[in-house]
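Listed next: structures, encoded as structure tokens.
Look at the two complexes coming up: chain A is in both, with chain B in one and chain C in the other.
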Partner chain A sequence: MSAKTDKGRLTLDPEVRIELENILGARNITDDPALMSGYAWNTGVGKIASSDKFAALWPIAVALPATVEEVAAIVKCCKRHGLSFRPHSTGYGSMGCVTSPDSICIDLRRMKHLEILPEDRMAVIGPYATANQLQAEARKHGLTCHVVGAGPSHSPLASATSLIGVGITSQFTSANMRNMLAWEWVTPEGDIIRGGSAASGLGWYASDGPGPGTRGLLRGFFGAGGGLGVFTRIGIKLYPINQKGKMEVIGKVPQLRSKLPPHTALLHAIFPDYEAQRAATFDLLQDDVCTVLLRMPPDHIGWTLTRTNAEFVQRTKDKTLPEPAILDNGASWTILIASRSEAEHRWRSETVRAIVASHNGRFAEMTQEEEEVLYHNLATSQYVPRVLRASGGITTSFGVLDSFHFLPQAIEMGEKVLAKDTAPGGDLCEGSPDEQWIWPHEGRYMWAENIIHFDPTSEASRAAGARALLTHFADQWKRPLGTTGLLVGPIQDVTGPRIGKAPAFARKVKSYFDKDDRSKTKEYVIPNMPPVVEKVLPAFRPIFAFKPVQSVMAKILAKKGM
Partner chain B sequence: MNANSPLDQRLAFMDRCTRCSQCKFVPVPKSREHASACPSMDYVEYHAGSASGQLIMASGIAHGEISYTPSLLETVSACTMCGACDTACKINFAELVEPLEGLYAFRARIVEDGQSPKRHREVMDKIAATGNSQGQPRAGRATWAAGISFDSAPKVLLHVGSVLSYDTNKHASLRLIAETLQKAGLCPGYLGEDEGSCGMLAWDLGYHHMARSLAQTFMAQVRASGAKTVVTFSSSAISAYRSIYPRMGLDLSGIRFLHFTEYLLELVETSTLALGAAPTYDGKTVAFHDTCKLGRLTEPYQETDRALQKEMGGIYVSRTPQAIHFSQNGIYEAPRALLRLMGITVEELERNRQYSYCCGAQGGVKETLPAAAKMAARNRLDELNETESSTMVSACGNCAHHLGKHARDAFTVVDLIDIVATSLTATKGGK
Partner chain C sequence: MTGLPSGIKADRSLETRNAFAVDRDTAGSIVPQAVLYPSRFEDVRKIVAWANETATPLVPVSSTGERRRGDTVPMVEAAVMVDLSGMRRLINADTRDKIAIIEPGVDFGSIDELLRPHGLRAFRPLMPRSGKSVIASYLDREPIVNADVHWDPADPFGGTLIVTGGGEITLNGSAALEGSLTEQLDRGHRHLVTYGPGNVDLTRVLQGAQGTLGIMGWAAIYCERLPQVEESIFVASSNLATVVAAMRDAVHQRICTTAFVVDNIHLAMLLGLNVDQANTLPAWTFFATHAGYVHSPEQKVAWQRAALEVIAKKHGADLCHELGGKSADDLAVTLRDPVPANYRDVEFGAHKELFFLHPLSTAKEIIAAQQKHLSSSDLHNCPVGTYIQPLAQGTFLHVERVMPHAAGDDVDAEWTSLAQISLDAGAYYSRPHGVFRQLAFSRDDGSARRMIAAAKTMLDPNNIMNPNRFDAQEAR
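Take a look at the complex of A and B:
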């Protein structure tokens, strides 16, 4: 690996190619720029829909292994030749792009293992068993899986091992950072390790096997983002639902709907303010009566309930959007109640109605068709990626993990960052004063994620998006609100004491398993950082939080993207 | 950049691809085995095989990030242009990306740049020389109709298409239908050896000028015949008439285009023809294969201003949202209705109607990459495993032939025309 292309990209050494061909077969390794272009498409913040979307760094080759042994052999080959690598599952947006010029992209597309173990309420999956496939198979047994915000085509293995894992049904499907059971892992050294019960040959049932529990070590909350080897198989939790069999879809493209199963209700509760919503939330969670609770910002509900942007804009102007999509009705929960018997359903429904009423809430009127669209969306997360429909440009603030005590504060922060620019004439796309998606996780903590929605073709709008993102971090430092879910890379180190020694510990993990930093990513800790730098970085926090500095950084991001 | 180039006109749409991978899957799969929407992705495996991957490659060509390579051309050749990606993408992205329009533009650009794959060029040479992609002599095109006299000033013009014209196994069925129509007093016309390619394959391969020329020739023939209704036995042709010709600025006014399944159903419903129980299939259950061309790709195209404008601070809005294709209004019901009328129970495959999985017969893949076409057919046939049926019926001669060629074990594939032909009779009150 020494030559460079006319684009200044490193090329694959013929000797390495021969080795990789011997491992994979010639068809499953490529360094053809055309075939690799799909692995260099960066849809990150500030990226303009143009040639700008091509990443500066391209892989030197893309490999398509089919087995864990092949993955291990590729990793060892990289090590022998001083190359880096980056695992890649479905590759949503920029998440699969390589982050060093000497990286081989390991596309796990051919590793699609999917096996349902219904009695154990779990599945054993490979990296390219996608959520829509897993859900389809699980439903045959009256089970479902957690589907993260990336939508049905994401890889549950990737989210469970390596990247956050939050999704709208978290109240009853937990979240993928808690859904991984036993695992199979190719370390950055190329060793194959099985952990949890799989390590003892006892199947994939438990994450804890012989020795210490390692889930936190391997991923923690955020995950190593591909910076800690390659995960090739895991056990993953499934959750029972009140319907067995295929999901019947009605409606026409694009407004797919599903009929609510027996003993199921979809309600949309609207509260007078966020304090009332908070109080009601505690009661709803305490009585454990809701299967799913989801707060979407009103304009996003509008996107969900309309076929096209044109319809959304027209109905916004005509003021004909249904109640849940009206901006003033932001203090709200979409509630799914899925029961197993008439009696249970009656009790849960009456309890929900009583709680909502006791907090001066009311229920929005919706047509059956609107209910069925929202139900379909809740069950499949199909429309969550629809947030990209409006302008094609979004980023997300952070995810707040905190008590529901902080719900009004999360909204307030969201408004502070967005309200001015989402109002008509502002620099961002028009929308709700805040754009928080909120839901509970296992009846306990609150996830709140403020979607920043900008026009990628406008520099002013991109700058406003970047400014909003940076303001979020600064506000978090100033007035802490839970753990920031997207705290990653250098931001972790700048945040410093707010999260204790977590980055330093994660760095030790990374350095221990990957001494040469072959498993490259920007979505993990910075490896091998000298202790003095580690100590100094938090001191830069006030500088980064200083508004003029943020403004300059936002302008740079608006020009260059990230 | 050339503002008149189809690719440059679609570039902004392509560049909005978020690489979400939803174009690879049917929107709500019923099983893991049949979750894929994309035969090309199934064959190629690299992301380049998907619609998203092709749009990114097209963008790379347009922006000068990549050059043409043999792998690029082979990958593009694996795409059947079946449009399943378009349906899947639009679930969330509606007018924002429209993958199929991008794929059409990419293929046109490849031809413009003189990079069309050798096999595609060979196919086009055959179409130019003989009017069909197989290179069969024109003289043999009408042998199925030997002895049948057609009306020289018909109300209805029959179009048979290249596949059925040269498939001698279909000639008996074609004759039976034509004779039954005549017995019913309908007296259709037929172009005989003068019938040429409808232009659909030329369009799919990116030869848009050639496609337009073929369409012009055909429309001139239609006008000259005086017919006001064209009935085609070809799913490619009905797709071309409804979805491609309107893009070409041709005068289609006053002409009604029907697929033979629609036409026969109409005649049965108006009691001009009668459809009895199917001799071999009465009381049996079959699975129906929705041909891409007959289904989602027959949605009528409306030539209009398709540009997007921004509203509300950057939200993209189509100027003519009513013209956005959502795979609706394809021909889904007519063939099913005919089967039911013949006493046959129709069982749905997991991927049906607008979510149908392409069998690999279209888009030039069969001719260019037989292995890819075979894999698609096998994938499609495997779907029978999830049904009670061992018989798959298609209303497209091309699909039926291709699927039949690759059917294994106890599975059989039947062309709907063969079932209908023997069950159709003229009623006494026929016109």
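Take a look at the complex of A and C:
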């Protein structure tokens, strides 16, 4: 790994290449810049990008293993030669890009195992089985998988083992850190470890034991984001639905839609204000009345129900957008009721209608076509691509996890953060400051995340996006709305004791399994931080919360990317 | 003998200490040096700090009454028991969010009374004895009978406070917030989330650890609303596959709050009948409860019952309201009725147990393998009951075999061989207890041992928490 390219990037040492070729075969290792550029793009999808189309850091090489043993051999090879690595499943967004100049990208696309065990309502998957494929296979058995908000092209294994895992149908499909069953993992040292029933060679169904639930060291809320070796196979829980077989799709891209199955209804309830919505929510969560509850900001529904941005703008001006897309109707729930019998459906529909009415709510008028578009989006989790259409650059915010008690405050805080820059003349994508996506998990608690739209081609807009992100954290420090789900990297340490000992424990885990920090990422925890620094960092919170400091940090992020 | 930490109630009497040297299953020989009784989690922290300074092993215990399974019997000399059974406060309960925060001494005998004013009740395992600590039960991943809301093995935990073996206080899940617990509750936080914050899930790590990693000071626990209407029914068949299929469909369709399968011997025990009367019961029974909580409860229960009828018909199972002279609704009441004795001991005075996890799709095969062994062993005339509990909403099963027997009977060797046969047939002993404590690791490819050692190193670096409980537990 001695030489450097004319761009100052490290090159693959011939000795390492030979070793990797011996492990993988020559055709499964490359350092061809034309191919590697595909692993170094920088779009601002999910993150704040820099001004360059490409990331500053490129992998030294891309390795394509086909088995867990090959993954382990690559990791050991990296260790022998002092190289780092980054696992990459489908690479949706820029979250799988390498974060150090000495990293090899381990692209897991040849590991696409997918096996449905319908009676046990689960599947066994490899890293490159996509949510789309998993859902299509599961549907043949009257089942579905949880598809995270990112949409159908992501890897459920990457999601379940390593990155967040929440999605718009979490009311009935939970979240992937809870859907993960047994697991197989290559440690940053190259050892193969299995967890739960898989460690005893007894299948992929049980996540924990024998004894302690040690998976909790590796997977909390956020995931290690590639900072803890490579997960190669998991069992994943599936969810029974009221329809078996292929989901028929009608219409043309982008307005794909699907007919609602029998005994299914899609309603859009609108409340006079957020207090009324909150009170109704507590009622809607009793007795498991609704299959899905989703609160999308009106603009986001508008982008979904119109074919193009131009149509959206025109219809906004003409005031012809459907009711759910009208800004005043933000206190709302899109409700999916999926029943199996007429009697069940009657009870669910009548109950929902009675609850909505009792909180002075009403139901929006929608055409059948609009209903079918929303249903299709909901069932396959297509909102992110639709919402991305508006500006091409989105990132997200705090991720509140707590009681629905905080619903009105979450909306208010989100709007406050975005108000100035979404107004005409502001630096973010012009429009409504209401960008809050909200849904319940398992009939119990709220997830709320505030989407930030920026123009990735404008440095000022990127800076505004970063500023908004930092303001969210600072506001949460001041007035907590619940756990901040999306705490990662340095922001965890600054948040400090407020979140207990989590960063310190994550660091213990990191140094226990990866003392040399070979499994490199920015999405986990700062490794090897001296205890004094760990202790004093939270004291800098007021400084990080200080507006001018935030502005400077935001400018740096806008220049260099996240 | 070391000096004990000041300000915490202690008992060094031989009588008290001796009581902790054994339990019902364990003829231990090591007498602890003292028993400490913390009354708040701050006391627990103080005890753990002292134990680290003085290298004193600690064995936490939260339940009262007859203890079993050996996990609260010291395995090293000079241990001190940390008896949390006096920490019995219900700290908070919230009807709207269906959640409560409790201390470890709150037991199944008292919890429903504590929760009743809040319109709630606890999720419980199958007929727990009244002295069993709710937190200890959930910590041991003891299965709850409510398959429908058992999404994941961490259930029914929300946020928690843990004092690790290293003496650190960790706030876990959505309890990880600034301010005291009172301040958090006043702001409206309800600690509904168990995983996290960030990328650790220490509640999950502590589950199944049998006191070897830390001590839970309090926990938010998901609760059930008190139903307005509740109806139970037996779905019976002579064929195991039939009832398992019916239960699977019902659980997948989420129409039952309680769902489990028992054979006639186990059902006889639950109904308070003697084993001879088991012959009058169906070979296999799926017990199902429907509940209507808030919204049109009669209507809800009616469509759920109708759906269950369709399922039973499809699989050829019979619906019965009454078995062995007792109605299904009566059994539902019995299941919530706190009694001090273990129901498995009532007829003969003692029992053997064996439990493991297994996929639902092959339940029939593993039971058949066990029956084959039992019928050719010395136990062929002994009653062995079966209890099958769907977990994670029917993704897999807890399978439990129970043999009631007279206190003096020597059946250990035969029971151990049943455990071995079961392992060969695919039993996954996720909770290593009793005769399968060692067997649980016999098929391990080394992974479980390594991970336990890792957890021990990180959470209990001085190895003070229940040492020697797992072979693999010594810190690196």
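In this text, the second predicted complex is superposed on the first by the 549 of 562 C-alpha atoms of A that agree within 3 Å, B and C clash if a C-alpha of one lies under 4 Å from a C-alpha of the other, contacts with A are read in each partner's own complex, and residues count from 1 in each chain.
FYI, a contact is a pair of C-beta atoms (placed from the backbone, for glycine too) under 8 Å apart; a residue touches a chain by one contact, two chains touch by 3 or more.
For clarity, every value in this text was computed on a predicted model and none was experimentally measured.
In this overlay on chain A, chain B fits alongside chain C without clashing. Once the two complexes are overlaid on the shared chain, A:Asp287 sits against chain C while remaining clear of chain B. In the superposition on chain A, contact of A:Ala276 is made with neither chain B nor chain C.
When both complexes are overlaid on chain A, the residue A:Leu157 reaches neither chain B nor chain C. Working from the superposition on chain A, the chain A vertex angle toward chain B and chain C, CA centres, sits at 130° in steps of 10. After overlaying the two complexes on the shared chain, residue contacts for A:Ile411 are found with neither chain B nor chain C.
By the touch criterion defined above, A:Met366 reaches neither chain B nor chain C.
Of the two partner chains, chain C is the only one touched by A:Pro240; chain B is not. By the document's definition of touching, of the two partners only chain C reaches A:Val488; chain B does not.
Within the superposed three-chain model, A:Pro424 lies in touch with chain B and out of touch with chain C [touch as defined at top].
Taking every C-alpha atom of chain B against every C-alpha atom of chain C, the smallest gap after superposition is 22 Å. No residue of chain A is contacted both by chain B in one complex and by chain C in the other. Residues of chain A touching chain B in their complex: 7, 28, 30, 32-35, 37-39, 41, 43, 49-51, 53-54, 62, 64, 90-93, 107, 109-110, 112, 114, 129-130, 132-134, 136-137, 140, 150-154, 246-247, 249, 252-254, 256, 307-313, 316, 380, 382-383, 385-386, 388-393, 422, 424-430, 454-455, 457-458, 461. Those residues of chain A that touch chain C in the shared complex are 117, 119-122, 174, 177-179, 181, 191-197, 199-203, 205-224, 237, 240, 282-283, 286-289, 340-341, 343-344, 346-347, 350-351, 354-355, 401-406, 441-442, 444-445, 480, 482-485, 487-488, 492, 497-506, 508-509, 512-513, 524-525. Contact residues on chain B toward chain A in their complex (touch as defined above): 12, 15-22, 24-25, 27-32, 35, 45-48, 50, 52-53, 56-57, 59-60, 63-69, 71-72, 75, 87, 90-96, 310-318, 321, 324, 326-328, 354. Across the interface of their complex, chain A is touched by residues 94, 96-99, 141, 149, 151-154, 168-178, 187-190, 192-193, 195-210, 212-213, 222, 225, 248, 252-254, 292-297, 299-300, 302-304, 306-307, 310, 357, 359-361, 392-396, 426, 428-432, 440-441, 443-445, 447-448, 450-452, 454-455, 457-458, 470 of chain C.
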